[in-house]
Amino acid sequence: MNEVIAFWILSAIAVLGALVAVRKRNLIHGVFALLVFFAGLSGLFLLLLAEFIAAVQVLVYIGAVGVLLLFAIMLTERVAGDDGRRMTSRGWSWGLVVAAAVFVLLLLSLWPVQQLSMPKAKDPSEFLTQISDPGYDGNSERKRILNSVRTIVNRWSN
Amino acid sequence: MRILGGGIFKGMAVTLRNFVGSYINKKERLPTNDYSWRADGALPQSIGDYPKEKGEQLSDTTTVTEYSRNFPMLLHDGGEPMDTVRCVACQICERECPPQCIYIEKDYDENGKYIKRPAVFDIDVSVCMSCQICVEVCPFDAIVMNSQFELSTPDRFGGLLVRRDDLLKSNDYYHKIHPEEAAARDQKMAVEKAAKEAKKKAAAEKAKAAAEKKAAEAAKEEAK
Amino acid sequence: MSLELLIDILIATVPLMLIFATLFAFTTWLERKALARIQNRIGPNKVGIPCTRIGLFGLGQPAADGIKMIFKENIVPRGADRLFHLLAPILALIPSMLVLCFLPLDFPWLNENSVKAFLLDGAVIFFFAITGLNTLAVFMAGWASRNKYSLLGGMRAVAQMVSYEIPLVLSAVIVVMMVGSLNAGEIAGAQKGGNWFVFSPWGFAAFVIFFIAALAETNRSPFDLPEAESEIIAGYFTEYSGFKFALFFLAEYIAMFAISGLAVTLFLGGGDGPGLAVLPWLSVIWFLAKIFALIAVMIWLRGTLPRLRVDQLMGFAWKFMLPLSILNIFVAGFAWHAEQLDNKFIMVITWLISLAVLYGAASGLNQLNRGKVRPREYKYAE
Amino acid sequence: MSELSHEPVLQQFPDAEWDEAAGAVIVPLGQARTMAEWLLGQGVDYCSNVTGVDYLEREVKEKITNDAGEVETVTRTEPARIDVVYHLYSMQNKTGPLVLKQRTSRDNAEAESLTPVWRSCDLQEREVFDLFGVNFKGHPDQRRILMWDEFEGHPMRKDYTEPFDYEWEPTPHNEILEKHQKGKVIV
Amino acid sequence: MSTAAAPNYELIQQDGLETNLLEVSMGPHHPSTHGVFRMDVKLDGETVVDLRPVFGYLHRNHEKLAENMSYLSSMPFTDRLDYFNSMTNNWAYALAAEKLIEVEVPERAEYLRVIMAELTRLVNHVSLVGFFINDLGALGTPLLYAFREREKILDLFEQASGARMMCNYFRFGGLRNDVPEGWLERAAKVVDHFPSFLDEYEQLLCENEIILSRTQGVGNLPRELAISAGVTGPMLRASGVAYDLRKVDQYGIYDRFKFRVPYTDGDTGDCYDRFMIRMLEMRESIEILKQALAGIPEGEIMGNAPRVFKPKPAESYGRIEGPKGELGFYLIADGTPKPYRYRVRPPSLINLTVLRDMCLGGKIADAVIILGSIDIVLGEVDR
């Protein structure tokens, strides 16, 4: 139950962050919203017991990509002021089409993931003992995640 | 060969020495809190634990050191202040005061005759810059510097404009706060007084001699 | 079931936060007092027990400061981004609090399961990932204040933190390499019995690099450029007052504890120390004592050194620390192989060679970077 | 320090006058820049002090010996003027001072800027411009320096009168005290 | 001479990519502008591309004030010019006025003047070094050590003159009063202790790698520019000109003392040189102080000059080697008790002429330390 609640909360955060990132006029606000989205994503990874990927998600996306974005904005934009420029380009309809296509692709690739399912831990504390257990094989988890990623990629390329 | 970062280590050694020294060798390292290196060796009165408890007043003789000066006071020679005040309201100090902080009015008796003392003598402490020029130009040794420092008040005109009666201090008080200077001033005054008296005496004798001469001449004339 | 989990989590986290918040208060007092003594002053000595004149060496000062901070007016400049202005101190505090969990502190009240909740396999990686968030908080504060000094401070901070994270991580890599694990508990365990990593040439070099980079990461003197008082007022928290400022202050000190704690874990043997066999809970005391030793050095440095200039700071990170820490990784690799041979003589040779290589490289890099900078002679005219 | 003789200057520039009382060379009109450049070539490399002096129109009583050989007191009117005074030294020869004065009228005060010759005149000439209202021809950046840009008048002129809102704080007596009691003076 | 060319106040244009410049107004409220001084700085990133000093916030028209009061009355106002060095300010003014009234200064007074002036130099240089290192970013440690020693000297000033900073001690023709009994011994004690403090100070600062790399090659002032811009004092000597008025003019009784003037060979003239020249000058001041304290005679302290006087119409220019540079007073007497013209030649102001030249191209942190190494006091700049 717990992980389900956590999943929904984190998903909500991620989706909201992504939406705000797209909608915000102010670029800096947008970047920070994007970072919130990354953070939510990292939480989702953690929920999948992919702690390494979660850490890397934080390290690379929030720590490096986010700062890179901020730097880029800082060096190209007038950071001290937010000039209300057009936030949508003229070819937004094409963008909509591409986005819809990507969404459909993702939707198609979603069903095998459900089959993979999350680890069936009856007891949440088992989660933790599982991690700290010396015999716990982190590799198998990673493999599982990798497999799912591979499946998605395969499906998409086929 | 220079050690890598040697200058930084040297500096750190100095700060460490000072850190330890401030516990061991207070005389050397914490001189502002240890006055034993001073000539008189004593912690200045009233500095010791400065922020006093509420209601605990600083005494009238607060002074940082006996050399310090803060703002002027008027001297009198004891007794009823206005009887023995030295100031004659000549207004030299008012004229010479660089920031123009002195205000004097002469005193007149009921007949409109000028009596040699001030009716009003105000010093605006907020304007005064403690320069001591008034003390120097005063020919009567009537104005000297006080060293009381507790003068803060919220009242700009009531508190910071010091009136004549508050400025009047006895010579004894002056001796208490600036012993060396007061003694020197007294001596100087005595010398001046003696010279004046001698001059007066000489003048009197001269007058007497002249009178005698005149008398003698008159007598002569009479005798004629 | 989930209630038990909650209790477990609370038992693990709340004391941690309480202890470090108290230590923070104590450290502010310690720093002020020590700096005062270094500068031949007395430091806070009046505030003790209220309504009495008992000073208690000024130990009441942090409490008084805290109360003052809470009741101070919260000023947000006109034109500032109100939301980010508010979020920045919170975002600064959360990561620094969070990483405290990854320190291998064996509190006696923690049972086997609960304590290990935080001893994730990738604790070290998590540590660096999460401390990296500080950068964002600092930038947020600098940007949201809408003050040119704040912005300059924020830009400096971002550049500085990003640059120094690399030598920081690279020097930690050495320990990870030697132990073969990212788990903080395992790293601390590998150094049991005085077998600390700092007692080897590569370990020492890594420790020094780590410590210097940690100074830069936490914006401590001589790398306190983001808040360089004499240049840009107070850098990114120029426009902060009251409780928000206090949060920044708290975050900075907690980050100091965290990064010192990591240094202790990686190089100074964690909770290792004498007397552990008799009293196992002493390890916590040892751990904290080591953290305080490092913080004392930080204070000492702060009392001694002026700060670097921006370009020198960057040059130091990229031209000195980075090559040296990469070289150090190779040295440590060779040393690891030499260790596998289990031969005393080879070990000694390895030690000497690595000492020579590291020192030679350091002084060579130093010479390269410093150029003609050296004390000069002066002439006199009669 | 040995004196820097004014004789060579007078020889080089016959139009220049020597003011004995002030010990200064009065620079002939329009020759300040050339004279300064010549002096710089002579090793006078250091201009210590630049300032202005304002003289109002005044009557001077002078004793002169008239043709008959009698001493006579004559009153003559000295026109108003502003002097710009330069104190020059030579750092390489360690000699000085040589005082130069540029004379100009008060109404349309104008002098040649010596900043291109000696950089030290830069801020000081700006100060003279600010406080005396002397316009320096050839100064690269003539702005007010001590007073604010919008300020009117030149405070160091002798006939300058304070504006009505001049903040003057004497002892609070008479009208000041009255004003204060009426709440007009905020002290 | 190219260096004497007019300063170019045009914005420096950079080739290649165009970036927006950040305009920062540093001051008048800024921790390290040493008072209410303002620098309008244009920054490209952190690099200073334009700098314009703005001052006048502390302007009180000291000169006009002095023209409306007697010669003696403006003596206390000279204290407030460079409030760190009231003694030397007094001396410069006294020197100029003494030229007008032609009064002899007694021997003992001359010695005491030298002692006071050199103690002032110690106070100024030691605290300047402290402030300078503070500008470099130290947490005030060197400054507080400096203040610890300064305190002892200020105590001496207080015992002699009654005030610690606004001494108002010099008079035309001598000094206001003699020093109290035992003062000379106390002064000797302070002076004897000073070198050991300087040793410690040098150990703390002079080899510190951070200070070396921060100050060397920063704010170079070439010799020709320094001379042309009328830069004086330690700053001039750091640029390689051994020009010290104590040697050149030999005012007072400076010809009797044996001391050396430290200077550089003029290759660098950067902040480090300015800082070190001051450190070395303190040693020489101590030498002078030792000689003066050993050689001071007994006797009168005040020549027979009246307190209020009317000098004959004349002009005089008196200048001394103040701790910050050449401090000059230009007086024109017109036969009244007030000076007709009273002018201060402020070394702080004139040394600021070259601020822009030294700062351009440096970082913003360099601008701060260059300003610190010039050693200005706004009381004197704005007058």
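The letters A, B, C, D and E name the chains in turn, as written, and every chain counts its residues from 1.
Here is the rule we go by: a contact is a pair of C-beta atoms (placed from the backbone, for glycine too) under 8 Å apart; a residue touches a chain by one contact, two chains touch by 3 or more.
Computed from a predicted model, the values in this text were never measured in an experiment.
S.K.: Going only between touching chains, how few steps reach chain C from chain B?
M.R.: Shortest path length, in steps: 1.
S.K.: Please state, in steps, how far chain B lies from chain A along the shortest route of touching chains.
M.R.: The distance in steps between these two chains is 2.
S.K.: Quick check: more C-beta contact pairs in A-C or D-E?
M.R.: Higher C-beta contact count between the two pairs: D-E.
S.K.: Hey, which chain is the most central one here, using CA centres?
M.R.: Looking at where each chain's C-alpha mean falls, the closest to the middle is E.
S.K.: At what distance in angstrom does the C-alpha mean of chain E lie from that of chain D?
M.R.: 25
S.K.: How many angstrom lie between the CA centroids of chain A and chain E, rounded to a whole number?
M.R.: Distance between chain centres: 64 Å.
S.K.: Round to the nearest whole Å and give the separation of the Cα centres of chain B and chain E.
M.R.: Result: the chain centres lie 31 Å from each other.
S.K.: Nearest whole angstrom, what separates the Cα centre of chain C from the Cα centre of chain E?
M.R.: Computed from C-alpha means, the inter-chain centre distance equals 42 Å.
S.K.: Using the touch rule from the top of the page, what residues of chain E touch 2 or more other chains?
M.R.: Expected reply: 141, 145, 148, 204, 206-212.
S.K.: Two or more other chains touching the same residue: where does that happen in chain A?
M.R.: As it turns out, chain A has no residue touching two or more other chains.
S.K.: So which stretches of chain B touch two or more other chains?
M.R.: Residues 8, 11, 14-15, 18, 29.
S.K.: What does chain B use to touch chain C in their complex?
M.R.: These residues of chain B touch chain C: 4, 8, 11-12, 14-16, 18-19, 21-23, 29-30, 33, 51, 53.
S.K.: Report the residues of chain C in contact with chain E in the complex, numbered from low to high.
M.R.: Contact set of chain C toward chain E: 35, 38-41, 148-149, 151-152, 156, 221-222, 224, 228-233, 302-312, 370, 372-376, 378-382.
S.K.: Using the touch rule from the top, collect the residues of chain E that touch chain B in their complex.
M.R.: Residues in contact with chain B: 69-70, 72-77, 79-80, 141, 145, 148, 151-152, 155, 158-163, 166, 168, 176, 180-182, 186, 200, 203-212, 307-308.
S.K.: What residues on chain D touch chain E, complex-wise?
M.R.: Counting only chain D, the residues touching chain E are 1, 21-24, 40, 45-49, 51, 53-54, 85, 87, 91, 94, 97, 99, 115-124, 127, 131, 140-141, 144-148, 155-156.
S.K.: In the complex formed with chain B, which residues of chain C make contact?
M.R.: Residues in contact with chain B: 34, 37-42, 46, 53, 300-301, 303-305, 359, 362-363, 366.
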